[in-house]
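After the structure tokens below, expect a handful of questions from me.
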Amino acid sequence: MTAQQDVQRPAFPFHGNVRPIINEVLHAVDRLLETDEATTIDLAGLPFGPGELEYLEAALGTGELSAKLDALGTSRIRETAFPGVWWLEHRNAHDEVVGRYLEITRTPEILSSQDVDIIAGRARLEDQFA
Amino acid sequence: MDLLAFAKGPALQVAAYIFVAGSIWRIVGIVLLKEKVDHSEPRKSGGLMAALKVIYTRSFTASPFKRATLYPKMLAYVQHLGLFAVIFLFVPHIMFFEGFLGFSWPGLPNNIIYLLGVAAVAASIALLVRRLTSPVLKLISNFDDYFSWFVTVLPLVTGLMIPVRMGFRYEDILAVHILSVVLLMLWFPFGKLGHAFLVFVTRGTTGMVFERRGAKT
Amino acid sequence: MKKRPTVGEILQAKGVSRRGFLKYCATTASILALPPSMIPRIAEAIENTRRPSVIWLSFQECTGCTESLTRSASPTVEGLIFDAISLDYHHTLQAAAGDQAEAARHAAMEENEGGYLVLVDGSIPLGNPGFSTIAGMSNVEMLKETVAGAAAVVAIGSCAAFGGIPGADPNPTGAVSVMDLVTDKPVINVPGCPPIPMVMTAVLTHFLTFGTIPDLDKHGRPMTFFGTTIHDRCYRRPFYEQGKFAETFDDEGAKAGWCLYKLGCKGPTTYNACATTKWNSGTSFPIEAGHPCLGCSEPNFWDGGGFYEPLSTGRFDSGTKLAGAAAAGVALGVAAAAAGRSKQAKFTKEG
Amino acid sequence: MTTVDGRHELDREAERLAYKPPEVRHDKQGDMPSEERINQAMHHFVKNFNTQTASYLDGCLHCGMCADACHFHVRTDDPRYTPIWKIELFKRTYKRQVGPFAFFYRLLGLKRHVSIEDLEEWQHLLYDSCTVCGRCSLVCPMGIDIAGLVSMARHGMFKAGLIPHELHEVAKTASETGSPLGITGDKFAERADWMGDEHDVEIPMNKEQADVLAVMSSIEINKYPESMAATAKILNAAGESWTFRTDGFEATNFGMLSGNPDWQKASTMKIIDAAVKIGAKTVVLPECGHAYMALRWMGANMYGKPLPFKVLHISEYMADALNTGKIKVKKVDKSVTYHDPCQVSRRGGATQAARDVIKHLGVDFREMEYGGDYNWCCGGGGGVVTIKRADPLRHRVFKLKMDQVEKTEADQLLSSCANCRQSFDDSQQHFNWDYTMGSLMEMVAENLEEVQS
């Protein structure tokens, strides 16, 4: 079997790098439930073999909620099939991926409107209908 | 030149020369002493087969001594088999040997090697404790025994530190590991570690002498 | 010194929202390999740090490092140049040429005296100044002149960091690294042949984010990217532990993506971020492509043994010299035995 | 424990670990200055270093397992009785003088020169506490024949005049009179005559020509003279052309035991010369262990060439005669256990012979636990039984033997060594023990049957 075929038919765990991440997610979920503490896992710092990242993404699946953010390029924020586990992907203006994160939280911080923006928005709203 | 290059290069090279020269020196120095001629009428043919027989059979304990020597023998087995596996069946070591022998052989998975290495270190420590506490061993032990222990265990420990790292850098630990092997090689021919090759001579000699008499070997 | 805008101000001026700013900070943390918990600190730093002036000097080099730099995705080199730094001198990227270019360098040095960064790629020949000159100035002179007023120097690529190919045996130009010449300023080495684009930009990002020199290892490399070995972070590491090795480049093991140790992989002794940051916007890295790591970010990697020679191979000449040692052993053994026997003979005679 | 077995030594005070051997007397022969003694010891140690001894002395791992095989150590837990420690001086001298790295050892002073105090201390270790039984040689993982090294180390001790007085006296007497007990040829002939009359058996003496030369041990001549009659009965029954010789009757070799190769050779040569003179095809050795080692395995080497005759221990002779039907024995309705003389069985290779004989006797044979080649020594071999000051230690060690014998619950204890028999008798008396050592040869002689022709 070639590595290429591996990608098409991922057999878990083919390089053994996915399992530890799942463990970490499980611990983070426990923490969230017990102490309300959110966890962010930066996937850029972790080793992945061919197809493993894709496998992880596919395995976590898509949940009920997903969002698209347009700021300095596109970002996609979606809850995975496992509530509380969020998949965040930031892209730059050239649509190149610049960051991938797993956030274990109730709502990712980046979804909330920020005070600075709210204040600026309020001013713009007032201006617009002045 | 950094430490690793020094260890892999000149240090190992000098160690190899001394190892080879010293080992041969010792063997030749013994073998060329006057030979003991035995004119007695043999009961059985001794010869090479007898030597080989005892080289093999003395690897095991005769039943009357089993109970008394069980503990140190078990430790020694773990230590020796562990050392054998670690030295000759660890893939990077096989690559090392292949580097100058030109051929290789299958190795064991590293995980198993680590386990055997830890077992060998544990057994060595237990043997050292025995040497330090047993009245017999305290009496008969000398510098050679302790130093040989040290130079044998050091490469094991430094080798096991490579995967664990313990805050040290890989190439530094690797260099220290190789240097510890250099130390081992430098001491090997001159101290009791020479038993690795002398065992064939001593067991073989006894095999030939006593088998000839038809006596227990 | 002219007061330069902070990165935060630049982003604000471009109409980037706070949310976008947070995203920017998150990706910056990611670039710097800092834990996500550091994001607030980064946000604070970015809001307050001013855009530094950067002078890029190219000596005995192949422009591979610049080529690599331009492939950076995060931040992109444009983003970097336009938003984060003021790249005032760079042979390949600048529009100016000739006297104009040199004038720009001098202007930047004067304006930012004591605060600008000098980036160097390529090694510096000490053999004959004529081996490499720029605008009639020898490399070593230009380096000394430029570095004099700099805040720090970044040696980009293995040539600048350690001498690289020009410095390899027999080193015909007498090439030396930046560290060899600059001893009174902080020098950050970003080795690699070439360095990972993101690592180069990240080092700059660190400097402009925190205004400080990152923690360096014993070879002057930022610990963040050169703190762990390729081997430690390699996705094929489990195969190493299981004893599954590719024996040749076309065997089943190679096809199955097994460990390349036996094919000479220098991953265990090579400190770099390839295994996680990867290349071409995180697409792959040499081991993933089936080739052992060459160890290009290590000092003397050209002279450190064959690329395809397993790491554990001893480096000694075998054969004849060893046979010589064996012969010496025989001679010593014969002498020892003879001495012993003569002693016995003497004692026998003495009774 | 509620009952005390009165036969056994009570050991209340002498805890095993705290056991201190009694104050040792250091015997000295001659009036050499210490320097000369050291020199002599060294010279005669050094003469023994050949390829074989060198590999042994170079190969020791200091694993200490030999201690577990040595009766002296097992019974006392005194680490000095570790077999390899007994040859420490010998080993040290080897490393310093002859070993491959002797130059360095001397140059760097790594191995101390042997001192007179060392030698005095080792007198006790090389003589009193070693019977050269060779049990340690079987446990050694390196296969080192430690017992053989002890014998060689004794050469240096003898020449240095540092051996136990009694052993020296016995050996000296043997060299002067031909017998360790001072028995002359005439006295031997006289005894043989008497025994012949007493047991009504023809004992040929000083025949000019004979196929078989039989020799005796002084212990037998003196203490167990029936052995002479028994030997004669067996050889007569087998129809051998045989004889005793007054010029070569002594089988014991105290030159060997004490460590004087010259005396050893002289003793051996008497037998060889007598055998050659009468054209003997076979020399039958008596029930004596070390005699077997001295003639069967070392005789030819003393002679410098192969012996022109076969050498058989009496047990081997009997086994052969019984197996081939030359003699026959009646069945004996007894349970019997057999004590193997170390030099005949373990070190001599004739373990099976006694068992063949016992089988022909049809007794209920009860092998001791680890009998045969791994047998515990009687404690009196290697000349130890002659050393009076070693008696307490020897008795202490004999306990192992007693346990081994008692476990068999056999009616009769047999052996085929007068020296063993002597130390059994002595220990029996000391402990007021039930078992009396018997002679295998005598049992055969008593139960001989006419061979139907």
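Each chain gets a letter, A, B, C and D, in the order it is written, and its residues are counted from 1.
Heads up, the rule we're going with is that a residue touches a chain if its C-beta (ideal position, glycine included) is under 8 Å from a C-beta of that chain, and two chains touch if they have at least 3 such contacts.
Note that the structure is predicted; figures quoted are calculated from it, not measured.
Enquirer: Treat touching chains as neighbours and tell me the shortest step distance from chain A to chain B.
Expert: The fewest steps needed to get from chain A to chain B is 2.
Enquirer: By CA centroids, point me to the most central chain in this structure.
Expert: Answer for the innermost chain: B.
Enquirer: By CA centroid distance, what chain is farthest from chain B?
Expert: So the farthest one, by centre of C-alpha atoms, is A.
Enquirer: Please find the two chains that have the most C-beta pairs touching each other.
Expert: Maximum number of inter-chain contact pairs occurs for B-D.
Enquirer: Find the geometric centre of each of chain B and chain D from their Cα atoms only, then give the gap between the two centres in Å, rounded to an integer.
Expert: 37
Enquirer: Quick one: report the Å distance separating chain C from chain D, using the average Cα coordinate of each chain.
Expert: Those two chain centres are 79 Å apart.
Enquirer: Determine the centre-to-centre distance between chain A and chain D, using the mean Cα coordinates as centres, and give it in whole Å.
Expert: Roughly 89 Å, centre to centre.
Enquirer: So how far apart, in whole Å, are chain A and chain C when each is placed at the average of its C-alpha atoms?
Expert: Chain A and chain C have C-alpha centres separated by 31 Å.
Enquirer: Could you check chain A for residues that touch two or more other chains and list them?
Expert: Counting only residues that touch two or more other chains, chain A contributes none.
Enquirer: For chain C, what residues touch not just one other chain but two or more?
Expert: 332-333, 336-337, 340, 344
Enquirer: Return the residues of chain D touching two or more other chains; collapse runs of consecutive numbers into ranges.
Expert: Correct list: 49, 98-101.
Enquirer: If we use the touch criterion from the header, which chain pairs count as touching?
Expert: Pairs of chains that touch one another: A-C, B-C, B-D, C-D.
Enquirer: Using the touch definition from the top, list the residues of chain C that touch chain A in their complex.
Expert: Checking each residue of chain C against chain A gives 16-20, 22-24, 26-27, 29-30, 33, 35-37, 73-76, 79, 233-239, 255-257, 275-277, 281-282, 284, 288, 290.
Enquirer: Please name which positions on chain B make contact with chain C in the complex.
Expert: Checking each residue of chain B against chain C gives 2, 4-5, 8-9, 12-13, 16-18, 20-34, 91-93, 95-96, 98-100, 107-112, 169-171, 174.
Enquirer: Along chain C, where are the residues that touch chain B in the complex?
Expert: Spelled out, the residues of chain C in touch with chain B are 218, 229, 231-232, 240-245, 261-262, 268-269, 271, 299-300, 304-305, 309-318, 321-322, 324-326, 328-330, 332-334, 336-338, 340-341, 344.
Enquirer: Touching chain B in the complex: which residues of chain D?
Expert: Residue positions touching the partner: 17, 49-56, 58-65, 67-69, 73, 77, 79-80, 82, 84-85, 88, 98-101, 104, 137-145, 296-301, 303-307, 310-311, 345-351, 370, 372-374.
Enquirer: Once bound in the complex, which stretches of chain A touch chain C?
Expert: 1-3, 6, 15-17, 40, 42, 44-50, 52, 69, 71-72, 75, 90, 92-94, 96-99, 101, 109-110, 113-117
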